[in-house]
Amino acid sequence: MPMLSAAELRNRVRQNSPLIHNITNVVVTNFTANGLYAVGASPVMAYAMEEVRDMAGAASALVLNIGTLSPETNDAMLAAGRRANEEGVPVLLDPVGAGATPFRTRSAHMLLQELDIAVLRGNAGEIANLSSDPVAMRGVDSKATLANARETAETTAREFKTIVCMTGRQDIITDGTTTYITSNGSEMQTKITGAGCLLTAVTGAFVSQGDDPLESVAAASAFYGVCAEAAAERQSYPGPGHFQVHFLDMLDQLSDEQLEEAIQLTKEESAL
Amino acid sequence: MPMLSAAELRNRVRQNSPLIHNITNVVVTNFTANGLYAVGASPVMAYAMEEVRDMAGAASALVLNIGTLSPETNDAMLAAGRRANEEGVPVLLDPVGAGATPFRTRSAHMLLQELDIAVLRGNAGEIANLSSDPVAMRGVDSKATLANARETAETTAREFKTIVCMTGRQDIITDGTTTYITSNGSEMQTKITGAGCLLTAVTGAFVSQGDDPLESVAAASAFYGVCAEAAAERQSYPGPGHFQVHFLDMLDQLSDEQLEEAIQLTKEESAL
Amino acid sequence: MPMLSAAELRNRVRQNSPLIHNITNVVVTNFTANGLYAVGASPVMAYAMEEVRDMAGAASALVLNIGTLSPETNDAMLAAGRRANEEGVPVLLDPVGAGATPFRTRSAHMLLQELDIAVLRGNAGEIANLSSDPVAMRGVDSKATLANARETAETTAREFKTIVCMTGRQDIITDGTTTYITSNGSEMQTKITGAGCLLTAVTGAFVSQGDDPLESVAAASAFYGVCAEAAAERQSYPGPGHFQVHFLDMLDQLSDEQLEEAIQLTKEESAL
């Protein structure tokens, strides 16, 4: 079922070209826009308080990314998020660098408290830094075992009543009760900037076209990982420059057959 | 004559390296700068009220792009545009997303009213959303016929006393009286972000070096389309990643012979 | 010794992944981040007054780039720089466009006066525009001889008590007393945006891991130039699009052997 879902969802995105409103950081704007175009979505970036409500209300998903946050952008995210919540537009949060500075941690917490966040997508460190469960945090460092990471993801999902997508060597997608794990992906994703940020945006496109949010997040994550694998295999020259170019190609060119053949996605109920 | 003009103008740009001052959106800054370098121009981005007048006064063309507008940037555009007008520096406007939010539409209108805009470059929807002629607007959607689109472009050019460059499957370049139509270009241009924005900037470089503004805009549009065709033909791997890389290459590498052979540009007087 | 140093330093960067805090311009953020990842460093961009002190204090180097300066960014640079100075974190300044507008020149001077700048990296025109020595400035234009350029670099280094890295056909690295000159590099670096900006950031990574700042700057400059040469040689298609992709590859892929074989770095004491 999930395998079918990933290809189906991807094709719905291509057919419907959902408008994805991004309030994101200045490092990844171009890559995010190109990646969204490559999967068939319609990206728009709009940050001014004068228009974020209008844009968020017209969008199919709203993606908030705190990577180069300012107080003004913070306010714009809140205004856009409230309008999206009113209109039933799913809101995704990418807490880039949560834990790196108090400002980022506070901002991410504020957005989680004030808004109905459909999906929280970050790496193990970022998710752990947002969680209030000190037990969960202990094991979550560079040597975090999958079990530790999964526990943290699940408790964080329950704490914030959201879907957590914790990405790393394996991606853990959970609503706190049901958990998907995908092993797709390539080491090369860690060698370019914005690989995580773009996944959050692509997840927004998938969630906007899916029937079940949790399945849609899992499908996005697996699809994205398979594209990265295909890009790494195809790589005409080694190195991060060519990887990025091939990766954008594969987001557009990956066939349903390649996707279904390579996808590695398992589903488990929480031991809660 | 136009065929000669395109190659000649392109070579003048390469010889003179005109300084093109861009106040543009955060999505396309890098691509715009690299594209301008590729055609042989000297890009500069400057947004602060403290320096936009100085920069615009020293530039060969000023390119305003409202893609990620803020009230501060709006003010800076106005100040830079006034200085450019005083100094006889041509001002180009790219009304990204006009019609998408009232803020964008108002800002584009304000710039058109307050400044002497030499060239207005947008897609059919953006141009139609700025026009006050409801007849012209009716037929302008994704199924717009060339005739509808051309009528809209011509009435808009007359309304705002500017040159309109309406890009799409065919590009329509008109001052409301004389109209050029170019059929050059590639479907791949719609699969990457910033293809339109960069054309506006490249048009600024061409206009700054040309003798006749309307011909210069037409030449820029045709040259740009031929580069896109050449990039799509050369494409070593399918997909938008490699297209963008080959496109930047061709902006630099296209030969005069390739340009003259491929250019498709017709000139007609308006049936006005 | 310098040859050994370049490879050694580069490997230290890869092993230690120093956090490089960039407050940079909006044109080159993505390229800078990808370039830093490619050399093995950890880039972070943070601009808000609310967090720049925290980030600068936690970083291994702070890179300030005035390419698209605003008064707010100016203040943030000053606050971040002061904290970095307190913590002994090296601060590098890239005075993009100094001389192009009074605002940029004033801002660069202000940062040089208020902060302890470890390295000032710019082209001949930018460095000369900051220098108060009119004799030095005279010869420094597009036809500047190496001797003129070197004199300007040395007097500027002494004036601001910093290391000057003046890049061009040859890079001149000097503390005003001892001067390194490297002839590595490729003409293609002038055909893409951000080649200088990224060098400043990479220099930050090298200085953070080096024992001697002057040697580290020289090693960074030579390493960077060799990567550009290797990218130009490998270039699968001519043009700036493919050059940039190959260049990012080589920052990651260049071997110690390639580096040691190609490096051209000479050391001379000033005739002061």
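Letters are used for the chains, namely A, B and C, taken in the order the chains are written, and counting of residues starts over at 1 for each.
By our rule, a residue touches a chain if its C-beta (ideal position, glycine included) is under 8 Å from a C-beta of that chain, and two chains touch if they have at least 3 such contacts.
Chain-to-protein mapping (UniProt): A, B, C = Hydroxyethylthiazole kinase.
If you're wondering where the values come from, they're calculated on a predicted model, not measured in any experiment.
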{"item": "Chain contact graph, described as a line, ring, star, complete graph or other shape", "value": "complete"}
{"item": "Angle, in degrees to the nearest 5, of the Cα rotation that carries chain B (Hydroxyethylthiazole kinase) onto chain C (Hydroxyethylthiazole kinase)", "value": "120"}
{"item": "Interface residue identity across copies chain A (Hydroxyethylthiazole kinase), chain B (Hydroxyethylthiazole kinase) - same or different by half", "value": "different"}
{"item": "Approximate Å spacing (C-alpha centroids) for the pair chain A (Hydroxyethylthiazole kinase), chain B (Hydroxyethylthiazole kinase)", "value": "34"}
{"item": "Junction residues of chain A (Hydroxyethylthiazole kinase) - those touching two or more other chains", "value": "26, 29-30, 236, 244-245"}
{"item": "Touching residues (chain side chain C (Hydroxyethylthiazole kinase), partner chain B (Hydroxyethylthiazole kinase)) in the complex", "value": "25-31, 67-71, 97, 100-104, 191-194, 236-242, 244-245"}
{"item": "Chain C (Hydroxyethylthiazole kinase) to chain A (Hydroxyethylthiazole kinase) touching residues, read off their complex", "value": "26, 29-30, 33-34, 37-38, 43-48, 50-51, 54-55, 58, 234, 236, 244-250, 252-253"}
